[in-house]
Amino acid sequence: MNTSNKLECPKNTWYVACTPDEIEGGPLGRVICGESLVLFRTDKNEVAALEDFCPHRGAQLSLGTVQDGLVVCGYHGMKMNADGECAAMVGQTVEKFRKGIRSYPAVERHGYVWVWPGEASLANADLIPDLHWARSPDWAFGGGMFNIRCDYRLLIDNLMDLTHETYVHATSIGQPEIEEAAPDTARDGHCATVSRRMENIPAPPFWQDALKGNNLDPDVPVDRWQICRFTPPGSVMIDVGVAHAGHGGLDAPAEHRASGIVVDLITPETETSCWYFWGLARNFNVSDSVLTTTIRDSQQKIFTEDLEMLESQQRNLDANPDRRLMSLNIDRGGAHARKILQELIATDSDSA
Amino acid sequence: MNTSNKLECPKNTWYVACTPDEIEGGPLGRVICGESLVLFRTDKNEVAALEDFCPHRGAQLSLGTVQDGLVVCGYHGMKMNADGECAAMVGQTVEKFRKGIRSYPAVERHGYVWVWPGEASLANADLIPDLHWARSPDWAFGGGMFNIRCDYRLLIDNLMDLTHETYVHATSIGQPEIEEAAPDTARDGHCATVSRRMENIPAPPFWQDALKGNNLDPDVPVDRWQICRFTPPGSVMIDVGVAHAGHGGLDAPAEHRASGIVVDLITPETETSCWYFWGLARNFNVSDSVLTTTIRDSQQKIFTEDLEMLESQQRNLDANPDRRLMSLNIDRGGAHARKILQELIATDSDSA
Amino acid sequence: MNTSNKLECPKNTWYVACTPDEIEGGPLGRVICGESLVLFRTDKNEVAALEDFCPHRGAQLSLGTVQDGLVVCGYHGMKMNADGECAAMVGQTVEKFRKGIRSYPAVERHGYVWVWPGEASLANADLIPDLHWARSPDWAFGGGMFNIRCDYRLLIDNLMDLTHETYVHATSIGQPEIEEAAPDTARDGHCATVSRRMENIPAPPFWQDALKGNNLDPDVPVDRWQICRFTPPGSVMIDVGVAHAGHGGLDAPAEHRASGIVVDLITPETETSCWYFWGLARNFNVSDSVLTTTIRDSQQKIFTEDLEMLESQQRNLDANPDRRLMSLNIDRGGAHARKILQELIATDSDSA
């Protein structure tokens, strides 16, 4: 099913659908790219994704249970396997009803469950991005998930233009020096990059805390950097950090810096809503789990400020559908991302 | 007025609109079969139903009061009689405004207020079903009412296929033996019946309590029966019970059984919502009012489980309008009911 | 932008948008006549109104701040001046983007902020109604504001037919004598008037309290008057009061009366919602601020009763779009007001 025919997103690609812990207790219902899915774990410890629609009477399979790797409908007990086939039902012969519902390629990797909403025969797990920090003991990660009532591209725009930090996050990661520093924007194939470097500036509160978390003096001038890398369909990985000024900035040795990767994995839900899997991977003081939690809580508070702005922006754009927006130099990263997405959507159409 | 032109239900028939206690304190507004009604009691102690629309300025009459058997509009005091005529208004001559609004045939009987949304000249109170238990001292009754956001036919389906008890009500009235026993389904004129008998099985918790309520041992094997009888437009009366095994089941003498009639009277509200008047009539230990309350509370909890499933099913079907559902042997009772309703709707059209 | 193309209201006229205190802490977002505005105070201590849409990326300017008389967008810092021009943005040259968004004529006067949603060149502050009591030490005023989910004309109807007080406000200002007294209705140019006088009647509770507030005996018979004056687009000023009977009623000397002006200033929000600025101006015991508060609280409670009735009426009319309403003698004041508005709307079209 497609609940949102107007949704513009590539289909032949991997999206994050959920985290593994979300399907521990039973099946999970979630709309991904306009399609209503039930996600669950099979008896082979693999993940599976089906249409969230029992072929018997149309109940949501996600209201049911998982038994022996099958989703059992919570209404009358139809059992569906990971291929979307009617596998068994007490008192019934269901073989004739195969093929029941659509199944979607699904893979668990790097701490996420990924699904492929497009043509299944094209699904190749090697195309899942390599989140190297997720499989390395040299990195610690903390994060969370939001459902935001905005077009997923507004969130990508947001992350590719960090001048918003000066205004939206004035009390944590924002500072005037961000908007004063012109960004470098580039596109390389299907990747768009926006870089900004600020030298000899005060560290804002979030980074003061991070310096302290790495046992560094938070009150001396720092060099700060932000390198945003978009890869489609919805990944924005941002190299962020500060180093005590004069030690090389982005290239400073570990003992002079606090840095990490802001992880942003974005999945469209409907035309005007998206799932936002966010977090921070850091490669300092990685064994300090209290620090992980502190950073996570701080980041959650900061990203909640974005949520309010984005949902308001979406409502305002909905009310002004014919209005053209500006395209300043700070908007070029988002424009690249939109162009790349448009190219992939066109490729989908070619292969359809 | 008709708020839902797509609503498919017979019009020339009686529907339960409310219970008498709902109109004790004043007029009641309720949408029945897509029509917005105000229900009230006249000075002759009869019930009356009018359009819930003051012909003066369009206020809801149900926000007003009842005086001398007239509904008095709460905005500017227009008084409407049970025939929908403007009867009086202080400072105004309203005779010229008769006929004001539509009135609907309404009758109080068997503990319910019934209305006839179709052609008034066809309304015949003899067509109201005879709920014999409601006028007999040999029976006790307890019940309640839900508003459910689903097509009324989904609720009829639900009640004509009790295999759902195994899954939806696993902790109360459900047990595996239900789905293991094939149903007998039959149609006789405008009545459809689904019967199921289970022999020598453990009683589930609800029926253990009922056996105790009838001073019988709850822990011995029982014979259990469920005989669902649909009559249009929205009545499903279910003979239910258990008897200690080997005493004749449905035909067992009173001292070996606990049994009753599950009362389900369903009235469409809109295309995707309905009013559900439910209850249990029992013919054992009828003077025990505490038992009546206990059973009622237990049944309310059980039927709330259906409500959640049905509303989710409706949303899923709304999102998949072109999808065909299965028709297994357990679905035949509901299919009969839908066919009977369709025939009556066609008859309405013929007489229109 | 226009969020409600079906909204029928004059555009070339002044509407109350807010009170000055609502823009003390920062910009205010409000939909006026279907247009989404941001209201703020400039560095010249003037009021200003712009489209609530940042031309950069479409954020609501009302989520931002005011600095040096400019609205600063809370997303990326675009600064807009009172003319709707892009005035400045750190790191950007924005001169080329003038003219950014629409500005609306706005004036602060008589305790309100007024905006002109139509053709700006026609805006003339002299056309703002003269609320004489607002600039006189002989009068005291207390009031408040409601957002009501109804067509603004239903609220005008309500205020031009005070027989509703008998029913909607039975416990405060209503009494049977209101509906028993026939109204005098007149139109003079763009003003409609409905007058009602009641002689030698008991004072209802609200006016008993007012008499006490003016140190007069509340328990003797009074003469009561209500003179409703509509002027477009949304002003209904009502001379109200009671005087001890036999002293001349409306013309009674101050020492025998308690009286005032019910202030009703109504601004459409959307086709089915409006802003209602209400209050009471009185010219007795004006230095008693406790009395001002008591009256205000009482009036708020009374007008909340209207709110519920009006929103229900709107829903009922929405469900019955083709239904014609009555036109009794009590409805003539509202009918005049609607005719006047229709004439002004036609004039708008001529000048468009």
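Letters are used for the chains, namely A, B and C, taken in the order the chains are written, and counting of residues starts over at 1 for each.
Throughout what follows, contacts are C-beta pairs under 8 Å (C-beta built on N, C-alpha and C of every residue); 3 or more make two chains touch, one makes a residue touch a chain.
This is a predicted model, so every value here is computed, not measured.
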Interface composition of copies chain A and chain C: same or different, split at half: different
Copy-to-copy rotation for chain B and chain C - C-alpha atoms, rounded to a multiple of 5°: 120
Distance from the mean Cα position of chain C to that of chain A, given in whole angstrom: 48
Multi-partner residues of chain C (at least 2 other chains): none
Complex contacts: residues of chain A adjacent to chain B: 1, 3, 36, 52-53, 55-60, 63-64, 72-77, 89-92, 97
For the chain B and chain A complex, residues of the former touching the latter: 157, 161, 163-164, 166-168, 176, 179-182, 308-309, 312-313, 316-317, 319-320, 323, 325-326, 328-331
